[in-house]
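Here come two complexes built around chain A, the first alongside chain B, the second alongside chain C.
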Partner chain A sequence: MLVLAGCGGQATAGQGGSETLRVATSALAASVDPMAELSASYLRSVGAAEGLMRTRADGTVAPELAEKVEATSPTVWTATLRPGVTFWKGGTVDAAAVVASMERARAENTLAAGLLKDVTVAATGDRTVTFTTKEPSHSLPSALSHYQLVIHNVASAPKEADLTGPYRITGFESDRRMVLERNDRWWGGTPGLARVEVQKVGDPQARAQIALSGQAEIVQDLPTDRAKELSAAPGMALVAKPAANTVTVYLNPSSAAAPALADQRVRQALSWGVDRQEVVDLATNGLSVPASSWLASNPAFPDAAKQGYVRFDKATAERLLDEAGWRVGADGKRAKAGTKLTLRLLTFGAEAATGEVLQAQWARLGIDVQVRNVESSLINQSIDKGDWDAVTQAWTTLGDTAKLMAAQIGPAGAANHGKYTDPRIAGLLAQAAGAPSEDQRTAAVYDLNKLMVELAPSIPVHPRVLATGVSKKVTGFVAHPLQYENIVQPTMTLG
Partner chain B sequence: MRGTGRGLFAVGVALVGLMVLLAVAAPLISRYDPAAQGVGPALAGPSVEHWLGTDRFGRDLAARVLHGGRTTLLATAAALALVVSVGTLVGAAVAAVGSIVDRLARPLFDLLVAFPVMVVALALVGLWGPSLGTALAGVLIVLWAPFARLSRSLVRTALAEPSAVAARALGAGRLRLLRYEVWPRLRGPVLVLAAVEAAQLIGVVAGLSFLGLGAQPPSAEWGAMLQEGRAALWSAPHLVLAPGIAVLVTVLGLTCMAEGLRDMLDRAGQVVPE
Partner chain C sequence: MAVVARGVATAAGLLLVASMLVFALVRAAPGDAVDVEFGESGASALLSPEEEAVARAQRARELGLDRSVPEQYARWLDRVVRLDLGTSFRTGRPVADELGDRVAASAALGGAGFLVALTVAWLIAALSARRPGGLLDHALRVLSLTATAVPTFLLGSLGLRYAAEWFGYPVAGEASWRRLWLPAVVLGVGAMPVVARLLRASLITEYGRPYALAARARGTSTARLTFRHVMRPAFAPLLTLAGLTLSSLVAASVITEVIFSWPGVSEYAVSAISAKDYPVVQAYLLLVVAVVVVVNRTMDVLQHLLDPRVAHAAQVA
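Our next item is the complex of A and B:
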């Protein structure tokens, strides 16, 4: 029987100070209702919302509002709630409240509905909630740690937020500003800060200036191209952590404009032809790390960094392209039967720099790449229309790994943009999700990752960088691979 | 009181000529490929090896500024040639035909002249996606109209001059009238306007690239380089200074040319566009 148990409160929170922590972020919730799109992630990141479980910085999950979560049969997980947990307004967080929160999430949020698909949630005691799955499930604790399943008081929603976190919201301007004050009822003790002021500052350069001038103690999403200047700033530390997502170039094997991508050898050649260390150095100022395989950015699967495209191998890339019939002409460009090897690469946001380095590296192989940096909605539109060759996206790798891999390579996977298929995929996905032992499930995940390397539906490059400016007055900041766990911690204080 | 304008014109020609020369001779002056990454350390300052330093990808900034001049100046020159010829010919034709065509065309010219070039270019980029070609197409849709309006007005005036009336009475054909009566009155003002619009065009081309809607990577273009350098304004100001000065010198040169030419025409008693 698998038991995931917590060890009392979140610890050392207990010596509350009187200081105000000022935070500058790139984005902020549009609503205080955690079931509104994306709101829960922001609410969690600022210490307002909590779930039954949480994801730790090492990628493992641990109980949060639950005292323990145990598998009582292959299809039943039982969560025992911590005693004495209340919502901000004083209501008890009992089994009935948790069930109501889960059911509202399922009804009102598609992401939550996906996480709770085929899961029956029932209160089986004052502090006991059972989760019954249709099939044996090993990933329910991971799902419960997802930000979209934070526990909220349904009676107050959607007009008011009544959550459980160490900081309660006392002021809010949609998408602009949020003020939080210490929640004296918090179950883990006295939170370290009296007040938190979160301000959205959309322009990355403006955020960098705020960090440099000391106008905020924590500044999120700093531009990596100012790393040198920010690192040297007095009174502030630049905390850079590779995120648990992999910036990946997805390839369209059905593209009419780039027919070469239908050939697995060409896709593999593109991946071997990427000097990931150079991409990291030039595009992220050395703040990220190379990702040799898609799963490499998941800290819970450390061996994934040893799988896949572990080195830059131009010779192999050239050989594969030659074997596929794309040979270098007198002009230095590769062509086959009069058709040039070209492709269009769409990038989004900070990945523009990654795209530009890839363009230069692939040009050295004789491949002509047009790079355009566009809005993410335009990337999605191009994929929907089928009018695309290559796009960059960075899907999360940390969470319910079997489901995340199914999204990448499964037959109906949301990130399987190229509709890749292989007879081995279904069996490995079933093993990854449902094999009886954890070792077997882990092995299946690694095998799937290896299969993705072989099929090369996409090219893993590097994780995104979470670059945060943290004042040296701040203690207790925890760099986390998930952005929404990364800002305000209950143990944080201002010295 | 205005001067002769010759000095100003000469300064303008010298500045523009210098920039054109540097752009044309770019491959001879710089030994680096402007798109080649890692030819030097990233964000290095000016040195003997890299005269203007390097950018975040370790590309030689001097090579990019010089080759960027080719992109910007060539795009501007091509667009200008097109708007000047189309606008002048359409305006002249409208004036020559006269009557109802003239009455219909005049409000159209006024409407197009009132249209902000940038807005039209942005609309086209929104429709067809960002590229220097698309941005220039937006410019062309609007920018021929000032030339058409000027040309129409000057041709009408020229044809009403006593010398033109007399020539026509003596049996001069259309071509002869154009050659001896219209063209001498048209060329100066059109040149002044062309110099003024060229300065504006440089701003539009660089501005659209600055917004990421014009030249696409890895093309070197002054506006795009200004955008790339903006992020490191304090730590590596050379990234912004180099293309910024290039734009400044070119626009200054064109403005001097336009002002000088205007003064020269003014002294010669010709109509000059404001």
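Our next item is the complex of A and C:
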């Protein structure tokens, strides 16, 4: 029997102070209803929402509102709720409230419905909730730690927010500003701050200015191009944490415009030809780290950083391209039967810088790359139409790892844009999801990661960067690889 | 009265045509709100393609995106003529309420920027027109050209940087007088050069007219000549440009509002555009068109009042 229990996953808060913490963020909830698109992630990030479980900074999951979550049979998980937990307005967080919250989430939010797919939720006692899965499931605790399954009072939704968490919302302007005050009913003790004011500041340079002028104690999502200036600023620290996602270049083996990508050797050559450290240095000002394999950004699988393209190997890249028949001509460009080796790379947002460095690095191999930074919807549209060669995306790597890997390389995977197949995939995915021992499941995940390196459906480059400015007056800030766990924590105080 | 009635009819026609264009343009952009939602949430990783297709279709139905574009337009227009701008896809709140919360901030910023532009433009034009081709005229021309050449985002970012550092200017927060001056200066400086050049030319023309030369011959001082005789006719040709400038400053100060986190309609629209929040984007664009139409109609009326020749020409026509 597997039991996940502990002292809460969060350190218990102590003496509450009277200070106000000012936070500047790049985005803010559009609604306080946690079932509205992405709202729960923002609420969670500011200490205004909790789940039965939470993900710790090392990638493992721990109980939060649940006292413990245990597998009582291969298809049944039983969560025992903490005693005395109440919503902000005083209602008890009992089993019935948890079931109602889960069912509303399932009905109103597609992501929650995906997390609770084939899961029956039932109250089997005042403080006991059972989760029955259709097939044996080892990943339910991970699903319960997802922000989309935060527990909310269904009786108040959607008009009023009534959740749990160390801070409760007392002021809200959609997509602009949120004010929170200490929740004196919080189960974990007295939260460290009296008040939190969160302000959305859309422009990254303005956020940098806020950090430099000390107008907020925590400034999220700082521009990496000002890393040097921000690092040197007195009174604050620039905390850079690689996020649990991997900026990856997905490759289309069926592209008519770039037929070379159908050849596995060419795809591998592109990956060997990436000097990831240089990309990190130039595109993220050294704030990220190289990702040698797709899973490398997941802190729960530390050995993934030792798999795959662990070094820049131009010689191997050149050899593979030569073997594939793409040879360097007099003009320094590679070609095969009169066709030049070219590809179009679509990037999105901050990945534009990554795309430009890759363009320069692949040019050194004799490959012409056109880079266009576009809206994400245009990338999706190009993929749907099949009119694409290479695109950057950064899917999360932390969560239900078997499902996330199935999305990358499974036959119907949402991120398997190139429709790659291999006879080994199905067996390994089944092992990763359902093998009886954790060691076996972990081994299968690593094998899948290795297989992705071999098939090279995509090129892992580096995790995105969570660059946060933290005032030196703040104590208790914990950098977390998940953005929604990365701002306000209950033990945080202002010294 | 006839002028006003004609103006209202023309404005209504313009708004109708604009509404069609706005609707068509917004829908022509790749992707829709459902794509954005699924892309952002990561739900695709947890659903089979079939389940995702069902979920997408359901969401599209909820948002009314499953209907044909002409049907969507007809329903939207039907609501708009009843002053119902619809409900935001993201927030679930009425768009009219959300825009209403922000219109005052945009009007204050645009109005203040316009005042800055007019004041500085008037100063520069008046000084330049006193001695055309002189050293001061050349220096002010260089200044105007420089102001034209510096992009708003650069001026805004630099202004923000030094104002925050030197004066403790609040980089973000509510719309307040304390925060208004800097974005107003940035907006005003950006809009000033065109107004200044046109006003300078207009002033020079008026200074050369017989009535101004006669006034000078009678010993009227330059200040008196300018304020009492020349300024009014010199401003008349400027009204159309001033109208366009004012409407663009009020309704479409996108870059300035974003850089200064100013809680106006343009900043609101930027978030809506990236989320493909159609009701908001459509309402915003319609608001921009309405502001342009209303301000320009108002300027036409003002022109009639300021310059009797225009009224006479209209009567003759």
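We adopt the following convention: the second predicted complex is superposed on the first by the 490 of 495 C-alpha atoms of A that agree within 3 Å, B and C clash if a C-alpha of one lies under 4 Å from a C-alpha of the other, contacts with A are read in each partner's own complex, and residues count from 1 in each chain.
In this section, contacts are C-beta pairs under 8 Å (C-beta built on N, C-alpha and C of every residue); 3 or more make two chains touch, one makes a residue touch a chain.
None of the values given here were measured: they were computed from a predicted structure.
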So, after the overlay on chain A, do chain B and chain C clash or fit? They fit
In the overlaid three-chain picture, which partner chain does A:284 touch, first (chain B) or second (chain C), both, or neither?
neither
Field: Partner chain in contact with A:355 - chain B first, chain C second, else both or neither
entry: first
State whether A:228 touches chain B only (first), chain C only (second), both chains, or neither. first
Per residue count on chain A, the busier partner among chain B and chain C is C
Looking at A:252, would you say it contacts chain B, chain C, both, or neither? Reply first, second, both or neither. neither
- Query: Which holds for A:372: it touches chain B only (first), chain C only (second), both, or neither?
  - Reply: first
Using the superposition on chain A described above, determine whether A:404 touches chain B (first), chain C (second), both, or neither. second
Examine A:392 and indicate which partner it touches, taking first as chain B and second as chain C; both and neither are also allowed. neither
Just to be sure I read the superposition right, which of the two partners does A:205 touch: chain B = first, chain C = second, or both, or neither? both
In whole Å, chain B and chain C in the superposition are separated at their closest C-alpha atoms by 6
Both chain B and chain C touch chain A at residues 205
In their shared complex, chain B is touched by residues of chain A numbered 204-205, 223, 225-226, 228-229, 278, 281-282, 285, 352-353, 355-357, 359-360, 363, 370-373
As the complex stands, chain B meets chain A at residues 35-38, 42-43, 56-58, 129-130, 212, 216-218, 230-232, 234-235
In the complex, the residues of chain C that touch chain A are 29-32, 35-49, 51-52, 55, 59, 88, 90-93, 98, 101, 157, 160-161, 164-165, 168, 170-173, 258-261, 263, 267-268, 270-271, 274, 276
Listed in rising order, the residues of chain A that touch chain C in the complex are 24, 30-31, 33, 36-38, 110-111, 113-115, 117, 148, 158, 173-176, 199-203, 205-206, 209-210, 212-213, 215, 375-378, 380-381, 395-396, 400, 403-404, 407, 412-415
